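The structure follows.
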């Protein structure tokens, strides 16, 4: 497996994200229909389609550049709560990795942590509030742990993706305290948080891109031994 | 059987009418819903309830006074097309019978003809236009024929009621050329005209009141041998 | 049937009462018989304008009572024309000595009841003229039937005739301008859903999930034909074509374009319809000088819209622009 | 789903385009990014007023752009707050040198996007103040959550702050009066039916034939609880009680009573609701000084209503009465 991930991986992650969001568009709309306003899937689909278009037009040369492109595009195309939150996440991840062309496991874990911290800085949610943070925080914890244990980047992301998915599932019984679902109070329980569900999809896309890179599949790239 | 009908019969007719309209209120609404605006049963029910109330308050002493009371009340409580049309019908019938306290068969047939002529004068409909005239004209013809053949008033009204019912049924296949159903053109075919249906009910109420009078039933009265 | 009402039988009285409370500055309500007059009625020397008809078309007609438009509105039961015993006192209440104009939508019931009332008011010394509105081109072969219905054009007739009365035109002139508006306006409507008359309790017609009804009126009557749902632009074409065919506009004509909601249609959809209608008119060399978009003559909670096109002349524009202060139409005051 | 639209993806652009065509005398539309400004923007020396939010609440906000109210409206996708790249140029376009006030409904998305935009506009030299509207008493325990939503009160904040800006108040004063309105208004809503977001294609929630949803917002979110259908007066009591409990009016207080339709409600039902609300207030010794009844802040084609009560002071009355000329609210001009 590769020791680092590069711009090709970052771009593959974003393109995978667009594909997976398009595929799950209706599902995310339906989750948001139940406890929100039925736009989450539509908003992300519009945003990530725009990201893909931007990627086609430009050629970001570093992972950081990819993240910033995503940040700016999501910020201006998604709207709603998810737009600024995901936008900030990518922005902070981009700032964290800076100009690096190769991301090793510790940097990757730091980038994920910075992304999560960005979401918290803007949205002030805590774990248990039934938001995307319930997917991000376990993912960051798992990634950090894996990185500290010496895992490669693909494994770090795999750990994050698995934890994010569990985190998303953990929102099912919760009563929302942030975002639109909080207006429902008790009636929000029994439904998965759409932002947590989409966050899990995005982190799954990251892990899959890394795995594909490690296997030398597609254009997605990983460098090192 | 009685030779003439009096004010008690006229009052019984109006009270019977109110009962039968109330009973068929929904059915008349539904007929009007199909090819009109769903108010015919409601309008007549409101109007005849008011007639009953007026009858309770006053004590019209001649059939003509009963008819005029009905005319004024229907005119001011029914609205729509049916209000002025039925109002005019009762008004003309009232004028025709004048101060008579006893109506014999020829006068009864004349009163019905005058009522029908009043409706035509106001609404300008002809037989076959799919309106209440399709019930009234056969009823008038049958009543006139029966009266000319020497039938008693109860039989005259029975003939009218039967013919009115057949006339109402005859509107089923017709394409409306007057009233609200005419806006539907061909699509009005296949539905019974609500005003023809209610007219048949009113004439049936008249015949039943006369039959009851002849049998000495209730308060409804008939005089003579 | 789910409605924000108390009892089907009290819908009209409670609506009128609420309207009177909300618009005390504009109207005075008479309860029995039911009619509403503008607070300063009768205005001495001014022709009085009275309109009325079945309820369920709100804001028509009560919403148009006030300076520059109607002097009185006479509400019937839902979708049922009012009776002479309402129309006569309303007519008398707004007679300022210059006579009264009745604006009547062409339905058998309305015509008959207003006719009787006009005759009786006239007999009691109030000269009455009647403007009959019959702008609905959905009604074909109208010569052999009850004729065309009065729909969207009614609002335009009331505004423009109201302005003429306000500037001091005499009773014949007010009726004449009302008739001129009627002669120059055509309308057609579409329903995406039916409406439920409160006392009926069931929808007036049933539409499939992917059907629309073309050529509907404002009483939940079914329309002329039913087609599968299609994009808004196509539906607008279907409404506009018969309107324009009948109106026979000259190149360079000036019009007022009125997209009316039937009561349950979001404003966004009305603007989407307006957009296409305006484009089609522009392509045909017609200038949209004035516009009106919103719920102005409705059929309870029906989803749908109607399009009216009024050929304008300079006087009509001036009268349209004249100040008006009613609950539903207001400018310049 | 049956809607008078062409394509769910083009609903907002086509609505805005149609609105721009219908109201050319009032607004200028910028397409990409989407925002609308009043034709005379920027008005030199006047504080600019910008509001915006998800689409689907028409006439909010575009319908309130014009003299005496908003200088710009920024429409997002349906029920989705707009983005900073729309809000920033709109803010710059209406800055007449006296700064800009953002009127923001309290939803996480709106707050975050306007916050970012305000920061960036500020950095580019336009001083921005923000008025956050959060009048919905349906949201309980708001301290521990995203807080109360901005609903009906928004219209009142926009009108009154708009009048303050028009008379020449400075940016802090305009924000202060906006905040004062917000502090004195409370609202609560009911849905008789849900609405269908065009891109979702299915109703946002399902209601039984005899159920209503109490405490709904304006995005088709389910409400706080569901009850069996009951007469209008009872429902009005359920809305008014929490509003009044929270507002704590003194005996003899003067208020503006605002009965708002959710988009698919006939005007008659709004007046029936108004009637009862006005009676309840009168019984409590509260004087209804001003009223507003109609579809002013909607949730697409939802059937339902909201009731807002604003405690008035003399300055608010004066600003409420001040002339306004927008597509959806107009008087004195």
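So that you can tell them apart, the chains are marked A, B, C and D in the order they are listed, and the count of residues begins at 1 in each.
In this text, a residue touches a chain if its C-beta (ideal position, glycine included) is under 8 Å from a C-beta of that chain, and two chains touch if they have at least 3 such contacts.
This is a predicted model, so every value here is computed, not measured.
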Intersection of contact partners for subunit B and subunit D: C
Most remote chain, CA-based centroid, reference being subunit C: A
Centroid spacing, where centroids are CA-atom means, of subunit A and subunit B in whole angstrom: 77
Rounded Å distance between subunit B and subunit C, as computed from the means of their C-alpha atoms: 33
Centre-of-Cα separation between subunit C and subunit A, whole angstrom: 55
Multi-chain contact sites of subunit B, meaning residues that touch two or more partners: none
Of all residues in subunit D, the ones touching two or more other chains: none
Arrangement of touching chains [line / ring / star / complete / other]: line
Chains that touch, pairwise: A-D, B-C, C-D
Partner subunit C, residues of subunit D touching it in the complex: 2-7, 11-12, 14-19, 21-23, 55-56, 58-59, 63, 190, 192-193, 209-210, 212, 229, 231-233, 235, 259, 263-276, 278, 288, 291, 293, 295, 298, 300-301, 303-305, 325, 330-333
Contacting residues of subunit A [partner subunit D, same complex]: 29-30, 33, 35-39, 42-43, 46, 75-85, 122-123, 176-180, 182-185, 187
Complex contact set, residues of subunit C against subunit B: 33, 54, 76-85, 107-109, 112-113, 116, 138-141, 144-146, 149, 197, 199-200, 202, 204-205, 217, 219-222, 224-225
